[in-house]
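Look for subunit A in each of the two complexes below; its partner is subunit B in the first and subunit C in the second.
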Partner chain A sequence: MAHCERASKPLLKCIRTSYVRGLAGVQLPANRGFQSSAVARDEAQGETASQPFYRAPDPALVSSPRLEKKLLKQGIAPIGSRRRRVALQGSDNIPFEQLPYQCFQEARQILQADREEKLQEIQSVREKIARVQAVPTENVREELAKKSKLGALEQHLQHLKILADINDPLVKRKFEDGQGDMTKPVYRFLAKRKWEEYRRKILVQRITQMKVIPDVLAHCEPVVDTKLYFGRRVVQPGDFVTSRISATAPKLDIQMFEREEKLVTIAVVDPDVPNVETDSFDYRVHYLAVNVPISILNTKVDLAKLSPEAQVILPWLAPVAQKGSPYHRLSVFILDQKDSQPLNVADLKAQETNRDNTQLRTLQARYHLKPIGAHLFRTQWDETTAEVMEEIGFSDANVELRRKRVEPLPYKRRNPASFR
Partner chain B sequence: MRLSPVLASLASVFRIPLRPTQSLGQPLPRSFSSTPSMAKKQAAPKDKKITMIRYFLWHPLTPRPLRFSRNRYLRHWTIHRAWQLYTSQQRRKGELELQRQWQAMSAACEELRTGAGDGGRLFRLSMNKKGVFRDMFPIEYGRLQTETPSKEGWNHAWKRIE
Partner chain C sequence: MLQPRLLTPFRVFERAIAPSLRSAQNLYQSRPLLPRALPTPSKPTPSFSLLPFAQVRHASHATQGAANRHSRDPAGKRLGAKRTGGEYVVPGCIIFRQRGTKWFPGENCGMGRDHTIYATHAGYVQYYLDPERHPDRRYIGVCFEKEGKLPNPRNAPTKRKLNMVAIPRVVEENTTVAVVGEEEAATGPQMRPGYMFREANWVIGRAAEEAGVTAKPFDRTNRWLAWRKRQARVKRSAQMKSFKNNSKKGGKKSGGGR
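So, the complex of A and B:
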């Protein structure tokens, strides 16, 4: 091994010093064949000879520390590791789909033929849709039949669009790099599948095991991917969040997988407010905003920055748990408004003034909302709670709750009178 | 360690030397420790299956898992997808061919029933299943049907056992 390294050292040195040659390999024409690499390289070398490499170093290829520093001073970070960059200098830099592996190329041919077939099929389905739409209808029955036929065709078209691109390795690579374009059906499909494989399962498990589902709302089938951030920190569903951090309103990242614009209502409800008089728990709405527009590209919602006139009904109230009370579940619900029609904010502001004892079920029934996404975090008494309570003017800040002592039943007593 | 015959044969296949079992008759070498031996922690009995799984999984003769660079993995994935697509296309083609044959047969029967001009007599006669598989059995059904002939070809020396 050592011999081998020693032997290849001069060779490596040679490659490293002459990386103008490697640079030329990067600027290939796209339609280059496999065998013409030497020719293309010569051409490109002629072009770039006017400007030496050290004048304008390529961030993908620099390997000498001096040039790297120079680039960094200009505010451009070199791409990848130095080892990778050195390797790239000597490589032919053939694009991935042109790599000369026989089996791979054969496989690509098969996949491309299939893609052509799928594209033709898409074209024919589109034509069919146009034909069906052009047919006039006379009565309600024909109208319904046409509608259902169009719906089925549309679904088939979406399916074909996904099938046309699903076998492309470049699509897979782009999606894995997180550069997928969510306006394209195949990336939406991949993103949805990834979400449903793990994160949705976790979310559903948390909200059912912690009984948010029967406590706050009767049912919820999440269809949008919801992430919750306090500052820049992601909160996993069901995490404990310290009171200081949750004193400011969180940010939401609501990723839809359907291509439509929606107006949603966002509600944060705490079903665990202890009520000493009735010896039970009450509800409290910590946040309520309506008419929040979301779409596949417009995903970020900052709860603190929504318009206080047109959207926010009840502004953020910092969640606090009294000392001795069990943890509070702060459930975030994304509710779809009916037909994506805006709700009347003035009416809502007049009606929904009371945070306490407002159940989300009531709101859901009153405004015909449908839950499409959920999230959950928990809060409990910690060392920062007292300050936050003082800031928000919490009335019972100095009260510590104690569990009521339950007298054991006579036959469970350690030393009942009958034993003496 | 006493192994079941299956595991012992597996071990012999993979050329694993079985450890010599320590006979209980020999006295153990005495240690200098003053701790009474009863106080030593007893090793929990291990599940033999797990031991063997671990043994074979980490044996040098076990092939290593596929570890590819990213590009190579993507090429592998592409080829895999293409193969899956190709086989599914083949399957679909075969199914369609079978469907076509079946429909052609039923169309021919229908033609025989209505177009022969004998009131369907020929059709009825041909559909008659009387005596089928009663007197003799087709020789093809004498053994299990296979896709390819056997490796040895026809065994001419075979005689029925008297």
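So, the complex of A and C:
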């Protein structure tokens, strides 16, 4: 068999199978390719081979929208793109080492050699760190120098750890499948990069353009990825949420990218409470909880389920906007407590009883908080607001706001002489 | 009109390539059989093709046609500041008219379709720079206080005014059109725009409904009815045409007769 024939065989096979499948309109389970660790799963598939594919569709191979929907109903998301899943159906399960492409294998060898080099470097840096730590210090100056040197070495080590794995195709695939292990530095790096590429930019734009940043807090550089859910519906930053939906407390998904445990304060502040007497806007704290632990793996925070004794200072107050009033911005802030030390809940409960006219700036200064994440949603008058107002006993429920009539300036003839 | 003139840079340039020029000249010259005692002129005459920009426009030429040129200027567009700094403005008040964005809208100001700056809140006009926001732009803002200073500090909460009054909320009932119509119809004909004393258009439109007149629903497959209608229209239009022609003819005839 000629070399070119052998090389084109998998491709031809792929085309043929996809063609047949396209005609028949039936999904055939096939082994996954481009994978070296699929043996165990293949065995598992062999056991369930008696079942037809549509009964138990494989999330990695399913390609018809109907079966995908079925899987989603069960709570399993299909893996990767549909195009990739279709390609996997027709591919042979050849591990990377045995793929018959010479250039590919050469490239793999280069990458492996690079990884070996990086691993050796990591080893040497670790030894160096141990050596530096072992050196005793006499005065403060030496202590500081040692500390800064150790910090730099640690940073370099983290960088090397990322470099060792960043070129691995399996790492890339696992991350894209959403199976990345966030305890490993390379997946954290990839996740952070992905967040910063789009979602963080959107968030920063929304909170600055909607003036949350000078209105509620002076500065905020988000470093944690925050998602907000009302029920199962995810809310994009700045979305309008109807009053009925926001009557129950939301859920947060706070994804950190640093490997440390943190205690955070979560505050939801509305800076747009209209005040007709002073002809301006007031602040209202809709939610305040302290000592909420978050870490890389512990990301889900349900604001309704935090402990009312140990964490929640001010429970959830449903946001409502009076009819005719400008929209209310409900800003959610995640604030890092200083040195991750717990705050005294009893003191806070005694002091922070007033929802109205409590500025987040004041709290930030009083308890030395540092904003690390933010989110935003908006609310305005809708059909369900009246009901929600009744439920929460809103005082000004039967008041509507109208624009004040502006007296026009008196007409003044500017230069009467020239008109004559 | 335009005179060629030797310019220094070109002279230098020419000197640099003089030998080649000379040789080129020699090519075109009929070579004498015997070398002359008189040497060839060392300075060759500058060629016109080398000096395309060496043109001069004298003052006598520049003034030609200037007498009527400026009279063709278009009328002024009345651009510029309509309100000065410190002047009181109300929402919608035009502060500056401009072509393009010579000034940008700052605090409590908006920019219209033709870049006109107008006030969105009542206050006092200020013209200012905001280097933190943009290094080069000039802004026009409206400050609530007469002695206030713009721009506001970048990290301070924005100064806003509600400009609203609280009134009791009216709960909308499900009012049907028919009920409203009866109320209105009871009032009868009224004075309409154009000094017409008549009923409202929508009342007239519902006259057939009140009278109980029903029309057959349109059936597009009923070609017999369609044919009859079309014939009626053709007949009517022919009749109208004939009237028109008759009147024209009559007019002409009468005119010709006299």
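As a working rule, the second predicted complex is superposed on the first by the 315 of 420 C-alpha atoms of A that agree within 3 Å, B and C clash if a C-alpha of one lies under 4 Å from a C-alpha of the other, contacts with A are read in each partner's own complex, and residues count from 1 in each chain.
To be clear about the criterion, contacts are C-beta pairs under 8 Å (C-beta built on N, C-alpha and C of every residue); 3 or more make two chains touch, one makes a residue touch a chain.
Quick caveat, the model's predicted, so the values are computed rather than measured.
With both structures placed on the common chain, the touch criterion links A:R173 to subunit B but leaves subunit C unconnected. When the shared chain is aligned, no partner comes close enough to touch A:Q158: not subunit B, not subunit C.
Applying the stated contact rule after C-alpha superposition, one finds that A:F96 touches subunit B and leaves subunit C untouched.
In the superposition on chain A, A:S64 makes contact with neither subunit B nor subunit C.
After overlaying the two complexes on the shared chain, residue contacts for A:A107 are found with subunit B alone; subunit C is out of touch.
In the superposition on chain A, A:T384 makes contact with neither subunit B nor subunit C.
The wider contact with subunit A, measured as residues touched, comes from C rather than the other of subunit B and subunit C. Across the interface of their complex, subunit A is touched by residues 70-71, 74-75, 77-79, 81-83, 85-86, 89 of subunit B.
Taken together, the subunit A residues at the contact with subunit B in this complex read 96, 99, 101, 103-104, 106-108, 110-111, 114, 167, 169, 172-173.
Per the touch definition, subunit A reaches subunit C in the complex via residues 211, 214-216, 218-219, 271, 274-276, 279-281, 323-325, 396-404, 406-409. Only residues 88-93, 122, 154-158, 160-170 of subunit C touch subunit A when the two sit together in their complex.
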